[in-house]
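Heads up: the structure comes next, in structure tokens.
Chains here go by letter, A, B, C and D, matching the order in which they are written, and residues are numbered from 1 within each.
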Amino acid sequence: MTGTAAVLGALSVLALAAGPGLAGLVQTAKARLQGRRGADPLQPYRDLRRLWRRSVVDPEGTGAAYRTAPAVIAAVTAAAVLMVPLGADAPRWPFLGADALLVVGLLATARMAGAVSAWDTSAAFGMMGAARDLAYAVSGEALLLGTLLVAALPAGTTDLRGLWAAAAQAETWRTPAHWAGLLAVALVVLVETGRQPIDNPDTHLELTMIHEGPLLEYAGRDLAMLTWVAGARHWIVMGLAAGVFLPHPSGAAAGAVVTVAWLPVLAAATALAESSQAKMRLGRAPRLLASGAVLTLLGAVAWAFGAGL
Amino acid sequence: MAELVLAGVALIVIGALLPLRRPLLAAGLVVQATGIAAVGVGGAGIAIGGETAGAAFSPAISPAFGADRLTGTMLALIAGVALPAALACIAYLRHVARPGAVASLFGCFVLALAGVVTARDASALLACWELMTLLPAVASLVADASPPVRRAMFEYLAITHIGGAGVWAAILVLAERGAIGGPPLGPGGATAGFAAAAAIVGFGTKAGLGPLHAWLPRAHPVAPGPLSAVMSGAMVAVALYGLVRVLFQWMLAPAWAGPALMTVGAVTAVTGIVYAAMQPELKLLLAHSTIENMGVAAAALGASLWLHGEGAGSPAALAFGAAMLHLLTHAAAKGGLFIAAGAVQGAAGTLDLGRLGGLSGRMPLTAGVVGVAGVSLAALPPTAGFVSEWAVLQGAFGAARIDDPVAGVVAGGTVLLLAVAAGLAALTVAKMLGLVLLGPPRTAAAAAAVEAPGPMRAAGALALAALAGLVLAAGWILPGLASMVPGGIGDDGPDLLDVPATGGLAPAWTLAVLAAAAFLLTRVRGRSAARAPIWLCGQPELARAPYTGAGFTKSFRIAVDGLLRSERDVEVERRGGLVHRVTSTGRVPDLVDRFMYDPARRLALAAAAHARRLQSGSLRAYIAWLGAMVVVCLALLRAGWLS
Amino acid sequence: MAGIERVGADAWRDRVARGNVAGLHAAIGPDGTPEVRAVLAGETPRLLAVAAPGGVVPTLVDLLPAGWDEREAADLYGLRFEGHDPHRALVHHPDDRDLWATPVVGSDVHTVPVGPVHAGVIESGHFLFHVVGERVLHVDARLFHKHRGLERHAEGRSPEDAGRVLSRVCAGCAVTNAVAYAAATEDALGRVPGEGTRRVRTLLIELERMWNHLNDVSQICAGVGLAPGTMLFATLKERVQRVCALLTGHRFMFDAVTLASAPGDPGDAAREAMRAELAAVAADAATAARGLLFDTSLRDRTSGPGRIDADAVRELGVVGPAARAAGVAADSRTDAPRLWYPGFAAVVPPTPAGDVAARLEARWVELEQAAGIVGELLSAPLRPDAPADTGTGTGHGVGIAESPRGRTVCTVEIRGGTVRRVHLRTGSYANWPAVAVAGTRAILPDFPLVNKSFELCYACVDR
Amino acid sequence: MLTRLARVRRAVGLERRPPASCAIRLVDAGSCNGCEHELVATGGPHHDLQRYGFAITASPRHADVLLVSGPVTTRMLPALLRAYAAMPEPRLVAALGDCPLGGGVDAHPDEVAGPLERVLPVDIRIPGCPPTPGQIAEGLRVGLAALPPERRPW
């Protein structure tokens, strides 16, 4: 491992702690857009510390699926955080590799663990959220994979470091495929962070919940882990969007700095997107995601026609 | 190794004869299991060692058997499913009408499967192929000759034989051209096109590829549990094996074959899993999921064929390895699930998903099989199911790089369809895990369920071991499988699936690290976990109302209702200004059935009215008709009409 | 003075069917037997009563939307309504679901029980959704979790004391309820307030309408997750409530309207400042409303769900903005001799489709109308009548006022200076059954939005 | 709309508050809806409870403080006790308004189980009928700050 790789690896590990801050940034920006002062971006850390000191609750009638779900979800999410590309020289974790499709798979595993824990409690709101989450994931996964496809075509690889390097190349920006991916990845950010118009993380209406539904039963450290996961997902998808689709210099130090610098920008953009529209009706959101996926297909077709190169 | 296989075959023959005397039923099955294990170990030895045994492929029409690496792999696959199934038989067959005959037929069925993959000439291949088709039908009817089973088996034989004609046509054409064992048939000309199309239709039908998949969800669920495990895990895979021999080895496939197979596979995958998600019964759900997985494997084969034709050897080999690995992982998962389904049926007396629930605490081993196999089926990392799905997707990505406008549409579309299928597979598996294992038991029978008897548990443990082994060994297996087509890819050792143009995977290490991390996190969860009732908005526990399967998939159905055309009727009974009662009925019709098979059936029935004289209603007569058809085909061939 | 006419059981159904019934309630008649009373709305509201010897009376549910009234009377007075079968508990809360919920059958049907403790800051009430996943087949609303027995608590007290008890029924309709009670009591005692008091009461009731409608729009925005809309209308509501506090000393104007008093004039300068502030709020609200009108993401959610059309309005007895949103121009302010509404005409929104969007639009047009009335009333000094003694009168009275949610009917029976029976049937009470019906046609995640488009009170119903 | 809200924010000009963290779950145990209206208003631009690090949560499992309004009707008592039982330790109870404190407008004695003190240990008292949004925010902040440090949620 070279020195650069070591530094980038250390950065990835630091990223494990940075996710909640990114979510806090979105919340602060949203509060500002709503005419409020709001809590500062560090609030999620205070919440996590508070939750960590509280007791957990095991609802009667639940078993291992409920009890292990937060740990499983946190573990796979942590693995996905480590994989977020911060540079072409980033380390390939010997136990994970650096393949983009694995990130998709890890997110899906977390989703499944959440759904299974919802079935374990069999409480209506958890079930409702899990069912919606999985239903949205049908077109959501197509969108995500389509996005990675149009990134992988110009890059010639699904290695996240290769995708990062490709986004630093001017030629990549001349392909319609990349631009299609750039548009589609905006939707990916909204859907994977559970934000409007797909989901509303601040909702207090139990009948409309998606990601919040299965959380309703959890307390204490379980909830702390799941809250951390919600923040870490911001880092994962915004990091993917920045590393794979947004422009950055190809040099190791400058590239990593610019990639990370994109994240607050994306957080602010997310807050703005969330504040400017209502949540979509159930059943319509999957169609929006599917149209995003079709957009990426057009990008792939354009690539196959050799357009732009 | 070949000797081991032969010894195994001999043991299976003995084991198939023993159960005909009732007291020797269990002994016979144990002997069968031993034989199957020997065949499996021998097959794996051949696959790894690379030796060729027995006869080589020959265009002559004289029965010959032999094995190469691919055959060895398939033998290992068959044994991997059949071994636990044979053990499960010991417990399962107590519930059927004529256990001795079924046990005997089980052995014969396994031999027929092994026969197809070891056949080295057209006659042996076709003979074993027909046996493979007929034996499960006979076994199912022997076990239970009730009208629904008879009807299902009739439809199974009807569809597989109509489609199966393609197998005969393709094999006979290839044999006639000397392509089996000789130089492969060239890609040009009508003959090659005909052979490729006939093979895709013929083998595809048996593999459950759409739209001729309709027999599969009818036949698999009514067969006795262990038999359906072998049908759903191994038989469909053997069908795709046949397709591999034809398209990859005995001919240079025409250019359209790859994209066509890819498209058929991707569409089949989505269709299969859509209807799997809607099924109200466990075995029906599993059968539809088999269709999905064969679609995924076929799509990978299509990508491989296409890339091969474009001269992209390394990605082509990866896609080929992906398809084979997918067959293996699916076989392990599906075999385990069908065996678990048998255990669940024995314990709860039903497979109706609405009448199970809460079995995880009562049947821990069965629950483990359902859980691990289910997660593998949903293609979630770090299971073997994910590794194969990952490799399949890499194959599709590779095809999308082909310099051809069609590639963008077909390969790009395949990526999206496979993603949709994966998403739906997660929905389906979550529904299955929830309804079978989790939540409160929905009936008294489910609440009183106890773990399956010893042999069934042993079968479950074997299935679990197979799944675990595949995760640990995926790093070896995938390159090995890929190298079974020309121009194989490098083998970078067991830890990292270091495939060019990817970021690599390390399934075994990923599993270890994730499991360790999750374990550590559960340790820091806090020592004193308080028990409290589930929070139901302040309602008492009796308000806890578990979801139904249809309720769980409703969110998805709402999004695609225009496509699914689900039928719903709500009847509100009003009397004297008050609502007395509300009744809801609903179902999701199978659109392939509605728009293809129902009209076809009506047409066929109308035709049958005219041809009643030919109709005797007995199985033998149908087989006779079929034989006559083959003779006609052969005659046509001789006359040169078909070439 | 509203008279009471007692009819026999044979004539009861026939007479009621011909009248314009504004609610039923049970009471104890002068001879100690329970009786059921119907309020007949009209130019001079009257009461019709039928005795229930042995606790049995013929039902009216096949003739008019009186299901909840009868269920409540059955639970609280132990009556049995012959032909109302099955009787489902409303006020009482048996554990057995069969005793209060509708049977919904079918292989895939399951239930989603919600409440009484909701996830948001919402009043307590329970809804049992019979669903297949997201599709709602039937809704059973189980309210009365907050039943405080306020009517029973008020009975046996002097009219002033009873009024104080009733003033705390509901914060959202505090003025309306107080006005309806005052009107009923004054009707029973044969008094008519002077123009000064009528003007003040009208001012307060319209102020209450203003902040409620602003709150309702804010809540509809919350229902679709449009946070800026939620917050903007919440600030406008806050501004109106601050004016309310300046004028009456209380943000919800508790105790501002009583039998004895009404707030006096704050002085020309203060009154003018209030008028200007409310005009500014109305202007801001109109601008913001235009913003919402052209927000396609909002439009997409509000158009369609929760439709209650004009036929359903009549069948279910829907009142208030919900009825007007379906094109039924019924408003009790058009005929309000005890308040001050010269030349008032009910307004319906431009597209009275009866859905969420129409109810949202109804709020906007009514907000404008209310702002106009308030502005006019604030441009002249407030001169309420001098307080008067309620004395030791006897009689029956009916008071009707239009709350932000619809027609509120209060009936009072006074004997010898003591309130013997008081009944409050608010706009929320009339509309709750319609919410359940509107929800039946929606998908689950749309139900909160449908519910918020009615924005009914629980406290008003539970009492 | 966003620019209008920005103007509101500048006009109100709230200060940032010392950082804290606390999750609150409301149970309406029979209130007149006044306390609920004012609690909602506490989250608006004029008062902005969130700047204290206070959040209203969707589930009692997430809550540190159980905030109770209303005189505790008999029909709400079981639900209130279930909400309390659902909370993880350590848990606090706050009474919102005069009703749960026993000083509100009286209800019929047959129908209420209150005041709150009779059924749950009350840690924080916020009087008023209803308390204004400012009083609620201050009541919570001061009430929580006055607790011994080991009982404070953050």
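Note that contacts are C-beta pairs under 8 Å (C-beta built on N, C-alpha and C of every residue); 3 or more make two chains touch, one makes a residue touch a chain.
Note that the structure is predicted; figures quoted are calculated from it, not measured.
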item: Chain closest to the middle [Cα centroid of all protein chains]; value: A
item: Between subunit C and subunit B, distance of the C-alpha-averaged centres to the nearest whole Å; value: 62
item: Rounded Å distance, subunit A centre to subunit D centre (Cα mean); value: 34
item: Subunit C-subunit D separation of Cα centroids, rounded to whole Å; value: 27
item: Centre-to-centre distance between subunit D and subunit B (centres being mean Cα positions), rounded to whole Å; value: 57
item: Junction residues of subunit B - those touching two or more other chains; value: 530, 532-533, 535-540, 545-547, 551-555, 558
item: In subunit C, residues with contacts to at least two other chains; value: 111-114, 116-121, 124, 133-134, 228, 231-232, 235, 443
item: Contacts with two or more other chains, residues of subunit D listed in rising order; value: 2, 4-5, 8, 27, 44-45, 56, 58-61, 79-80, 82-83, 86, 88-89
item: Category of the chain touch graph - line, ring, star, complete, other; value: complete
item: Complex interface listing, subunit C residues touching subunit B; value: 59, 61-63, 67, 83-86, 95, 102-119, 124, 126, 130-135, 137-138, 443
item: Subunit B contact footprint on subunit A (complex, rising order); value: 55-65, 67-68, 70-72, 74-76, 78-79, 92, 94-102, 105-106, 108-109, 111-112, 115-116, 118-124, 127-128, 130-132, 134-142, 144-146, 149, 152-153, 156-162, 206, 216-217, 220-222, 225, 282-287, 293-294, 296-297, 300-306
item: Complex contact set, residues of subunit D against subunit C; value: 1-2, 4-5, 8, 26-34, 36-41, 44-46, 56, 58-60, 70-71, 73, 75-76, 79-80, 82-83, 104-108, 110-112, 129-130, 132
item: Footprint of subunit C on subunit A - complex, ascending; value: 30, 33-36, 124-125, 128, 131, 196-197, 200, 202-209, 216, 274-284
item: Contact set on subunit D toward subunit B in their complex; value: 27, 59-61, 78-80, 82-83, 85-86, 88-89
